[in-house]
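After this come two complexes, each holding chain A, first together with chain B and then together with chain C.
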Partner chain A sequence: MKALILLSSLGVISLLAELFSFKKLLYPLVLLGLIATFVFNICDWNATNNVFYKMLQFDNYAIAFSSVIIIIAFLWFLMAEGFFKEETNLTDHYALVLFALVGAVILTSYTNMAMLFLGIEILSIPMYILVGSSKNDLSSNEASFKYLIMGAFATGFLLFGIALIYGATGSFDLTEIKTAISSAGVTPQIFYVGMLLMLVGLSFKVSAVPFHFWAPDVYEGAPTVITAFMATIVKLAAFAAFLRLFDVTFYRVSGSWGLVVWMLAALTMLVGNITAVFQTRVKRMLAYSSVAHAGYMLLALLAANHYSNSAILFYGTAYSIGSIATFTIVSIVAGARGDDGIHSFNGLGKSNPMLAVVMTIALLSLAGIPPTAGFFAKYYIFTSSFIAGNVGLVLIAIIASLIGVYYYFRLIIAMYFKEGNHEAIPLDLNHKLLLIVTAIAILVLGICPDFIIRLL
Partner chain B sequence: MNSAIQVIPLEWYLLLCTVLFTIGVLGVLFRRNAIIIFMSIELMLNAVNLLLVAFSSFLSDSKGQVFVFFIMAVAAAEVAVGLAILMMVYRNTNSSDINVLNKLKW
Partner chain C sequence: MITLLLIFFPLIAALLLLFTKGEQVKQIALGATIIEFAIAIFAVTQYQHGNTTQFEASYPWISSLGINFHVGMDGISLLMVLLTTFLVPIIILTSFNKDYRNPSRFYSLVLAMQFALVGVFVSLDGFLFYIFWELALIPIYFICLLWGGEGRAKITFKFFVYTLTGSLFMLGALIYLYLHTEGTHSFDIAAIYKAGQGLNAIHQGYVFLAIFIAFAIKMPIFPFHTWQPDTYTVAPAQGTMLLAGIMLKMGTYGVIRWLLPVAPLGVAHWSNVAITLSVIGIVYASCIAIVQKDFKRLIAYSSIAHVGLISAGILACNVQGVQGGMLQMISHGVNVVGLFFIVDILQKRYGTRDIDSLGGIRNLNPQFAVLFLFVLLGSVALPLTNGFVGEFLLLNGVFQFNPWIAAFAGLSVILGAVYMLRSYQSIMLGETNALTGSFAPLSQSEKTVLVILCIAIIGFGVYPKPLLDIAEPSVVKLVDGVRLAMGK
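What follows is the complex of A and B.
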């Protein structure tokens, strides 16, 4: 609750910055604001708040996910300082990012379909604009346009699903819907149709195969910092929403959506990882890898046991931190060498040892190799899925991860074993700080993952 | 007013809305002009609005109609952003045909 108010007021303040000309102060102000938001957010731990006539509920689930989102947002701001310097209308960009964060927090805490819809839109509409923020770059234009069309298209499916579920149960409230479908009476057929349509809509948002086709294009065309935002915060928030809807509300009827999610998860892991192998540009490869990671998270969603909430929280955290680190390095290297092909990374181990080491740690984490956070993330996900009895799916997931190891290592090999440009790339203080923090976080989470797992 | 809506059985509303929604989906998938794609998306959203109003009336419950206002407001915001993005694309390409957007492919 406090997080929502603080983030919204930060957004409004950044809009006013242009008017009262304190643009220079805005960057530290936003960073401080995010720290304050984080502190106020965790103060509500264990105190479940129902606000806005039970439209939102700030329980531990919401607080855990929104705190992770705020931490990632803080790291993202460290990464994105350059993005805010270059622009003439930078206050708008601050405001758009902060309003998108408001949407993300709503998605973690909604208890009503109306808030689900509004959260998704508050998150998406600023993203459409931010994706197109390099106005004269045609691929940024194209990415923004595609994202808008696909986003609105997916929202259409989601809304049709919500309308059908409303028709079947007479309510938008998650608890009432849950009661309606668990009561003895027969649930009308349109409920199941509505549920599947909502599944389609949310699969678009988390870019699960076969609804992923927009994601690589949008991730590649968008400015790299915005790609990092989409791959981490947007995906995490969409998963928090997905989990809340399916594991909490539709759990009773999991028989009717289980098989569909099974197929989605298997396809997402396989197609994401296999297509990533054939990419020659690193940004696009990471885009496909992010599609594949959505598949692993679907695995825990399918398991729907007491384990899966914390498994997804941990996976989301590990994946987001790893992605922020890799996207930062990709933007630095692509900015300095003029291109994000894999060959740009040749010889990075000699010219910039720090970049190469952090990149290696982050890639190992994404690939799921111990002792990094990614290993335990995958371990928990696979365990939760195994307990739920989805042995076949776990096997597919392991095969998919092995394919993943191949393309992550291709980058590591390029950095250390290939001769390339020996000129060292200069680093900002912010970026140095960010890289050190993410590398330490990945290792710490990999060595003692307990404190996140015990949260939920 | 409720009785006027309820003259027609609920199934017919459901059928009409499904048909309208499908036309919208097909429009998004097959038309090549960006403006027409936007119109198709609006058609999808308005099919949902109609369905919500019909359900709301048949369930004698006002929540569905309130939801329609949310959808209308958000759809307006989305189209405002969408047309701005389309203007940006048009300035760079001088066309509103989506086939000119072909830089991103694998």
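What follows is the complex of A and C.
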């Protein structure tokens, strides 16, 4: 709860910065604000609060996910300092990002369909604008437009689903819906239709195949920092919402959505990874890899056992940290060398050893090689899936990860093996700090993952 | 305590080396590995002969999943650690006449590799074993990628993906076993053994196949060997030595520790197939070795043949076979490092490894010729060299399993003599030709390495008892346990 208030007031403050002209102070202020939000957020650990007429519930689940989101947001701000410097109208960018975070926090804590809808909209609308924030870049405009249209469609599906479920159960409240479908009476058919429509809507948001078509174009067109935001925070929040809805509320009817999610997961992992192999631009490759990672998280969602929550929390954390690191490096390299083709990375191992080492660690983590966080994340998800009896899906996941190794290693080979005649790229202090922190975090999470998986 | 020291000392040294600059990197790396060897020797002196696991240490690691940092050594592990700690300083010494780019990174990776290898050999927890197993792959991949020869990017990548694929099968099997352990699940080796032996024969068969693929790729056994000759050829000399001398033993050790006792009924059911594949590998690789022109490639194929015999002996699952396997792992490690070093010496002097274009080197440097001959005789398992004892025990073990298979396995001795002696003849004997006009005398470090290796070859050929004694009680206990579970 405190997180929500603090983030909203930070957003308002950054709007006021324009009026009272303390723009220069805003950046440190936001960073401090995020730290404060994080601290206040974890203070509520183990104290479940219901607020807004029980429409939001800050239980440990919500606090764990929102804390991770806030940490990632902090790292993201370290990455994105340049983004705020370049643009003239910077305070609304701060405000938009912070309001998007508010939406993300709502998505982790909603217990009412109305709040789910609000959360998704509060998260999405700032993103539509931010994706188009390079106003003079045609592809950024295109991406923004595409995202808006597709997002609107997805929201339509979601709303339609909510309406049907309301019709079937007579409530927006998750607990009441759960009771309604668990009671002895026959659940009306329209409930199942509504549930599938909601599934489609949420699959859009997490970019699961075949609802992923917007993702590569939007990820590629958006400014890289915004891409990083979408690939990490938006995805994590959407999964928190997805998980709460399906594994908790709709758990009893998992028989009727299990097969659909099974196919979504299999397709997402395979299509995401296979398409990524053929990309020559790194940003687009990472976009497809981000699609593929959603597939692994769907595996844990499908398992729907007591490992699922912590598995998605851990996977989301590991994946987000890895993604923040890779996107940072991509934006640095693409900025210095003109474009983000794989050849831009040639010889990076020589010209910028630090960038190359951190990139290697992050890529190894995304590929799931021990001792990185990504390995344990995959291991944990595979185990939860195994327990749920989805052995076939685990096999598909293993094959998909092997394909993943192929394209991640193409970058590693380019950095260390291909000769490049580039000069060393100078690094900001912020970026240096960010890269060191992420590299250490990836290794620490990989070596002692216990403290996170014990949370939930 | 001593086990922890053995694991983490190389890691600390590797990290320190990373920040060292200048010429003394080699010396520091050598010093660190010699200290590590001294620690291993100390462990041997402290080791109480018997079949128990000693020097144990266990700390909760990911306790909510029943994963512990559990390490310890019985005779089998101790012998493997001894091999690792003995070979790494030798391998570093072989690089003394070489100037690698970024030496601090190179030696740091070698030490990181040692860290992972020792970890593999002392892990008593399935998850920990898997982590170390995979961890060993990363440094060697970068050693080959950064300092390897032509075409290395593709070849090392194939190697990486190949072994990773195998490992993932093993991971699947380990998770499966983990979920069959009692109570709140555990990865502890005893629990895994119990879970595996509690499965029915068919499921044990699946577990066997999944784990066997991982080890078969690592060793490698026919038909999973296709990554090996290219990788060995393209890797830098020290990388090849690490791969063939030590890393290959991860697979054979894995069979002893993590396959035989885990799925005894699976072994009973599939050992015919697995041993036949191993023996096919022996004959097949030996035949290819005979027609090789590239000496390094020839040794790579000979390595497939040797490891085929080791795996056949171990999978026969009797005391002679496993004991022979243990001894042959040591001998093969020593011999193959020696052979690859000789390749390196020749290549540095003549810039070629082509057997036919060399010749008559014996006339130029008789000393080198003698040392080469010793290493070679060890490799062809002449009596009174180290190779003989191991190979004899292995063949004995396979013979007890099936005399016919043993007859084919025995071809390895004959064919081995054919290709090794033929290449010696072609390289060292005959007339000195234009290419081999002069032979720069052996440097101090080269001489040291070869002499140490020759002493080991002769020493353990004449008197292998100390090595056999270390491993024997543990081997007997393990084999008895497995045979009991098989119902034999």
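One rule holds in what follows: the second predicted complex is superposed on the first by the 455 of 456 C-alpha atoms of A that agree within 3 Å, B and C clash if a C-alpha of one lies under 4 Å from a C-alpha of the other, contacts with A are read in each partner's own complex, and residues count from 1 in each chain.
Quick note on the criterion: a contact is a pair of C-beta atoms (placed from the backbone, for glycine too) under 8 Å apart; a residue touches a chain by one contact, two chains touch by 3 or more.
Predicted model, so just to flag it, every value in this text is computed and none were measured.
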Which superposed partner A:Phe52 touches (first chain B, second chain C, both, neither): neither
Dominant toucher of chain A (residue count), chain B or chain C: B
Touching partner for A:Phe417 - first (chain B), second (chain C), both, neither: second
Which superposed partner A:Phe375 touches (first chain B, second chain C, both, neither): second
Contacts of A:Leu402 with chain B and chain C, given as first, second, both or neither: second
Partner chain(s) touched by A:Ile387 [first = chain B, second = chain C, both, neither]: second
First, second, both or neither for A:Pro449, with chain B first and chain C second: second
Of all residues in chain A, those that touch chain C in their complex: 364, 369-371, 375, 379, 382-383, 386-387, 394-395, 398, 401-402, 405-406, 409, 413, 416-417, 448-450, 453-454
Residues of chain A that touch chain B when the two form their complex: 113-114, 117-118, 121, 125, 128-129, 132, 135-136, 138-139, 141-146, 148-149, 152-153, 155-156, 159-160, 162-164, 166-167, 170-172, 190, 216-217, 220-221, 275, 278-279, 284
Complex contacts: residues of chain B adjacent to chain A: 14, 17, 21, 24-25, 28, 34, 37, 41, 44-45, 47-48, 51-52, 55, 59, 61, 63-64, 66-67, 70-71, 74, 77-78, 81-82, 84-86, 88-89, 92-93, 98, 101-106
Chain A-touching residues of chain C, taken from the complex the two chains share: 61-65, 130-131, 134-135, 137-138, 142, 145-146, 152-153, 157, 160-161, 164-165, 168, 171-172, 175-176, 178-179
